[in-house]
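All chains are identified by letter, namely A, B and C, in their written order; residue positions are counted from 1 within each chain.
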Amino acid sequence: MHRFLDLADFSRDEIGALIELARRLEQHPEPRALAGRILGLVFFNPSLRTLASFQAGMARLGGTSFVITPGQGTWQLETRLGAVMNGAAAEHVREGLPVLASYCDALGIRAFAEGKDLARDLAEMQFSAMAGVIDKPLINLESAMNHPCQSLADWKTLDDLAVPQHAKFVLSWAQHPRALPLAVPAATVHMAAMRGMEVVVLRPEGYGLPPAVMDKARAAAAASGGSVRETASRAEALAGAQVLYAKEWGSTAHYGDAEGDAGLRAGLGDWCVTPEWFDLTDAECKFMHCLPVRRNVAVADAVLDSARSVVQREAHNRMTAQMAVLYRMLSRGV
Amino acid sequence: MHRFLDLADFSRDEIGALIELARRLEQHPEPRALAGRILGLVFFNPSLRTLASFQAGMARLGGTSFVITPGQGTWQLETRLGAVMNGAAAEHVREGLPVLASYCDALGIRAFAEGKDLARDLAEMQFSAMAGVIDKPLINLESAMNHPCQSLADWKTLDDLAVPQHAKFVLSWAQHPRALPLAVPAATVHMAAMRGMEVVVLRPEGYGLPPAVMDKARAAAAASGGSVRETASRAEALAGAQVLYAKEWGSTAHYGDAEGDAGLRAGLGDWCVTPEWFDLTDAECKFMHCLPVRRNVAVADAVLDSARSVVQREAHNRMTAQMAVLYRMLSRGV
Amino acid sequence: MHRFLDLADFSRDEIGALIELARRLEQHPEPRALAGRILGLVFFNPSLRTLASFQAGMARLGGTSFVITPGQGTWQLETRLGAVMNGAAAEHVREGLPVLASYCDALGIRAFAEGKDLARDLAEMQFSAMAGVIDKPLINLESAMNHPCQSLADWKTLDDLAVPQHAKFVLSWAQHPRALPLAVPAATVHMAAMRGMEVVVLRPEGYGLPPAVMDKARAAAAASGGSVRETASRAEALAGAQVLYAKEWGSTAHYGDAEGDAGLRAGLGDWCVTPEWFDLTDAECKFMHCLPVRRNVAVADAVLDSARSVVQREAHNRMTAQMAVLYRMLSRGV
């Protein structure tokens, strides 16, 4: 495997094989598999799970990693082509990233959406510009519209819990003090569709996912026997749901407009997931969230601390799933 | 060993065995003892010695570590139970810490005193809340009122230097531009008492250690044949002292009140340890300090640069003592 | 090798042997050569290449490294002797550095010029004060007036490209938004002179390198059959040049005077290296730069993206050259 940038680049069988490999490495550790291999991790945005799980995963396979955080101990990196660099950024990604790539065997990059121009973010302009200058194996640690490591971990979590392939999966918008990127909702709706689930995106008016995101998910659903639809009706969405996946994101109707978004979300205080949300769902309905989560803003304590919450397993599967990706990319025997 | 949170959780024999193990690992390195083992280090507060000595110690035993610094490359973590998280913290320790623990084999956490409510800090409310959500082996890297790694290193230093068990040990307050936490003085008075020493806490009025701290130290002294007393008289304290351990801390009479503390400490400029302090002590009196130290504010150059200063040995013993703790916690053979 | 602080401390044969060793380790990796060895890296100033290349290089040789960044997760360190430390710095290098050295097998330190007093920076007052308290092997990761790791990498790059020993080597000043330190130009002019090249320093009036720097380079040239001269004439400098090495630095006529420097550089907008600069050079003239570089301020895109640019090879050679240094310092068999 040379690149792990988008779950859509892989077939369902390939995803299944990755999850199988993740399980094998859980049960039969291979602490020397990546001995001498080096992973570079570049974080343009903050991280906790990704930072820790990749370092720990590499170490569990015998490899090493180093971390670069532009702007923090390292200068800021410019991403615009042709820029006259007389501002804050002291180095261009066209120099910085190939250099870092030349020191390691694989590179992971996190670069959130710019959050100004939806078309630009949907086109992954920034991440693509960076990917284009790197010839080493590359992992997307979260880009403008994707988070394949999270999605692979979530897929494994659904499998671990034996959630049926065609179960009803609700991705629900949740409250947050400000507009967050679309990467996780976009990746999640696609992942669940690709897995073959009955996917319902539940969100208030003004927070519909972009047509390009929904179309990509629908294409995946068509191939897997799943379905994808959107609604603003909580009752309709939650009825019989077997998975409720909550996520915060910014208004697409006011993309890049913090004030417009704030005006909309001010009236949405009841989009904090509480135990009552599960009155309509399947009795066994699981609660998922990629974390970090703001307790009692996006999700109530009583949900996060309940038996239906599987957020810890999702987070732990970040490491197990990523170990499979790293193994495929870097182990010499495969 | 599952937890290393407080020296008081161990018997004198257990401490002795740890110091013995530290010596054995110094003389007979075991560079593969912790191969494949992973230590997570979480710093809510800055660190130099702890950060470097734990990483180096793990590496010397063949293990790996990763570092998480909330608020710096990682979002801030909320610690209050039931909080409505609409402020700066993006994640709660109830999610973040179990996740990090799930990636590693042992976790170390540094979380200084909140410094507002003495009773709350004495009860270790914050550290306990964090320890309570972690089921992996856990190390206290300095909490509100404790610093067991420093105390174990100091105990080993006293043993290395063959300081007699019942020698006179003076813990003296020292000047600093602002009120520092009570963790090191509280841990130090207990450590010296537990070792059986004649402990004198020398401090100006308004800087007495909390009764709970003194009572705990006195109980330890009672079991070890030592003693613990307090005084504001430098002459009385230093007479015949074999160890002078200087430390800066905030006024307990003005706990959480920076202005009140500043008013008191403004008149205490002569609480900078100078060579003259040793006129009354035993001729061989050692000078100790946990570092970092502000030269010529808390301690004069002439003391730190003299042969009686053992601060470098103390700091080096941070690594050797911690290696024994890590070995006990994580080596599969023991 | 105990210290790697200045290329001038080594003979040409010793440099040649280091480059030979670097090549051998490229062709025949020794992934266990430094097993169990620990490198401490202390960055008083930001870094990308140095941070990543040293960590990756240590890992490729089987060793481990830890990183300390004073002021960022670690308190600031005081360097002045005799200081009354009542300001921002919580610890003195006289405590902090020996402690860090005691945890590792070799220490690397980056500490840029203070940039106020040229004589003080030329004397390497700050770096020397730090080197003086460390008894472990020590590497200069860039000091006020030196950057031996960069120079060794550049020398290897010239050898890799078979640039003739006596070729014409132009070190040219380049534009930048503000005054940068003299470390790289000072190290580069000396390196090229020591290699035996015909060195021309091309710079506008007010940006001449300090006499002490030029004299040191001339002494090296005298021993190697090279030469060193300065000019403000681009035509004279570039005629027949086989290497053009661009670098930004501050006015020596206005050292420590940001306003004076800004006044001078405001009129120097045409000191951005463009393809036209190569009209006069040898057709095969290589373009070098140590990076980071501000595109279209110091160097035009069309130069950096051309085949004559070897900046990526220089940066990659940071790792290969440093691995030779680490191997010489730390491998037990040598």
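Just so we're on the same page, a contact is a pair of C-beta atoms (placed from the backbone, for glycine too) under 8 Å apart; a residue touches a chain by one contact, two chains touch by 3 or more.
Quick caveat: nothing in here was measured; it's all calculated off a predicted structure.
Trainee: Superimpose the Cα trace of subunit A on the Cα trace of subunit C, which carries the same sequence, then give the rotation angle to the nearest 5°.
Mentor: Resulting rotation angle: about 120 degrees.
Trainee: Do the two copies subunit A and subunit B share over half of their interface residue numbers, or under half; same or different?
Mentor: Different-residue interface.
Trainee: Please tell me the distance, in whole Å, between the geometric centres of subunit A and subunit B computed from their C-alpha atoms.
Mentor: Here subunit A and subunit B have centroids separated by 40 Å.
Trainee: At least two other chains touched by the same residue of subunit A: list those residues.
Mentor: 72
Trainee: Which of the residues in subunit A come into contact with subunit C in the complex?
Mentor: Against subunit C, subunit A makes touches at 35-36, 38, 40, 64, 66, 68, 70, 72-75, 78, 82-86, 90-92, 94-96, 98-100, 102-104.
Trainee: What residues on subunit C touch subunit A, complex-wise?
Mentor: My answer: residues 29, 31, 43, 46-49, 51-53, 55-57, 59-60, 62, 69, 72, 177, 291-297, 301, 304-305, 311-312, 315-316, 319.
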